[in-house]
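Dumping the structure here so I can ask a few things about it.
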């Protein structure tokens, strides 16, 4: 295995090491000054076939901070307009001299195929409804920094779990780190395969028992529908937030739909660690890219 | 105050210091070789919500020359397509690790709001019809290098003054530096609030008296209409240019509409310092970013 | 002459020197580690008015690897939307501080005009149906590395020769290096001016005699039509590939239309050196940019 296309490729020890490394890099960035540049002379190619702000810019800055040269493939201004196949595009970018590929694509499995075609380490920056592994690591770092532990934490993932690639990675990684997961949502949004996680149709039942509420964005661009019933039953509003335990926190992979899965007042409350999650984005991606450069991934 | 969202935040001493610093950096760039890199380890994020060539590339190169990592938010390929609010986009980019934000937006006041939301120093790269402060500093450097002084120069700003953000910054900054300003244009394009500047409906009356003619672009994309009457009365053509004093010069923030506010032959004449203005773009933005990095802005 | 807008400006000695320098840089990149940075403190501006993947990213990475700052003009987000002329855009980017311009444009001759307007060294990254000189150097390096020589090689260029800028540069450069060229295609796609090259209407006649088959992409976006007759008569399929000499190789400037000018199985065969061509893209552009920085071009 090279790169990081799925959390399944990481052992529990890998997950722990990347979490600690990401958190340590966060401390070093917060302290200011420059970090080592283990990617000097290497080229990271960003291939984002889907729109992105936080993930693309996080990888861009992470690679630059490690000393890499960064090239960015933009489907809007690329030869794909000339009818080039995805495979040829990938082989071209590999042959140009990329050392690591960062890939986001609307179809499940594309990052894995890109890795097979190119022979290069690929970091999956989100593929269809499948996985978003660096987001899972970001969340692990955020929880670890907040609680000082992961083992034994109880976490609910709320919303359209079956179509969420973030949920796909969380369901693979969090139990391995000792986090107890419950999937919450309307029946049609819960996956058939729950990988041993508990499920619940009632957010209200679950809220009082968890340390972490992980809200998913309703992905209207993937066919998700925002119904009044959804908002009534699953929006984390002020009343529901008040039923959480004193120390419980709220995570969201962003971008948030305020007024849909989360109320404005809750999004702005100190319980909501969304900004912490984003702050951990660059150091976690530095940890992953650094581990790849060392051959550890 | 952090950053530079309005010329109003600068004292006369600040304006003089930034003008001298920009001019000095211009000399150093012209002499070749590399400059110090006070922004090494810092990240400058460019957020251009409106099209731009000269301003965006000037900030990009200025930041790189100072050693910064640069990340560029592109609304075309960003999560704003997922319905993310401007505020959430800004908070995300701040949390990713940007140290300085450069913001252009079609609405007045957005850079100031971005500064308030993010707590980061923001450089206004043009907001609506409000201000474009680094352009004013570019113009001050250009005039200072040409005349060896600013105090006592007489300058006419010609065209759609009321809708021009460049004029907005010039009207705030030039009088503070001792420049005597006259606003020239058809009555409907002169602002109600002239901040003590003289006004004139006749370009011909004013030309013989000024050291600097500052032509504004007719901004058709903001509703400005190019009428034959405008061209007749206000285009700086060869005849009008000939009525200027021997040492008088022409400035324009670009891009020029040749044949509208300026005749081709005048745009190409040695009096027209447009290229000098662009050459001063990078060193002036280096001066601003450098002052911010030092905490002086 | 400054820069590289046409192969005509290169002597045979220049062509040989750039070929050797590109090949040597390829070896150094393959060996890993960092190369010298003769462009430190210089700014390379990429001006791509047409879509591109391999060429744009190759120049971007080549410039970064040589230590340059890179700024990228994107027509999609630029002031050309405000009606700025090409000349003003170019003069602006030159004045911002670019030291070398890389230009792709749909119209023949634009890079040369850009060089005249700006006074800066310009590298032609493809202009209309005219030339694509760095592609010719890439191909020379690829053939030289494969055969150990160029003198005496026999090469067929197959397809829409008259509209191909790659063919335009090959026809200027390859004969000077001692390569014997035959132009192959339907009569309406062969140029009137063949510069002393042989021509043939029959691919089958030519295949048995050549060392290099150079396939051109049918450029439907330039009016090229893919007819069944073309595929029947000129597609390099498995049977035709089998009639090639044992050591003969296939080149293609990419992107390939698999199933049009080349069959899938042939594109995937070891004879097809397309990936080698792409691998030589960055070192060849480094050779060109490096020679310009030294004043040798």
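Letters A, B and C mark the chains as written, and numbering starts fresh at 1 in each.
As a working rule, contacts are C-beta pairs under 8 Å (C-beta built on N, C-alpha and C of every residue); 3 or more make two chains touch, one makes a residue touch a chain.
Here the structure is a predicted model, which is why all the values come from computation and not from measurement.
S.K.: Name the shape of the chain contact graph, picking from line, ring, star, complete and other.
M.R.: Contact map by chain: complete.
S.K.: Go ahead and align subunit A to its copy subunit C using Cα positions, then give the rotation in degrees, nearest 5.
M.R.: An angle of 120 degrees brings one copy onto the other.
S.K.: With touch defined as above, tell me whether subunit A and subunit B contact each other through largely the same residue numbers, more than half shared, or through different ones.
M.R.: different
S.K.: Can you check how far apart subunit A and subunit B are, centre to centre, with Cα atoms defining each centre and the answer in Å?
M.R.: 40
S.K.: Give the residues of subunit B touching no fewer than two other chains, as numbers and ranges.
M.R.: 76, in rising order.
S.K.: Along subunit B, where are the residues that touch subunit C in the complex?
M.R.: 29, 32-34, 48, 51-54, 56-58, 60-61, 64-65, 74, 76, 217, 220-221, 254-258, 275, 278-279, 281-282
S.K.: With touch defined as at the start, can you tell me which subunit A residues reach subunit C in the complex?
M.R.: Residue positions touching the partner: 40-41, 43, 45, 69, 71, 73, 76-85, 88-89, 91-93, 95-97.
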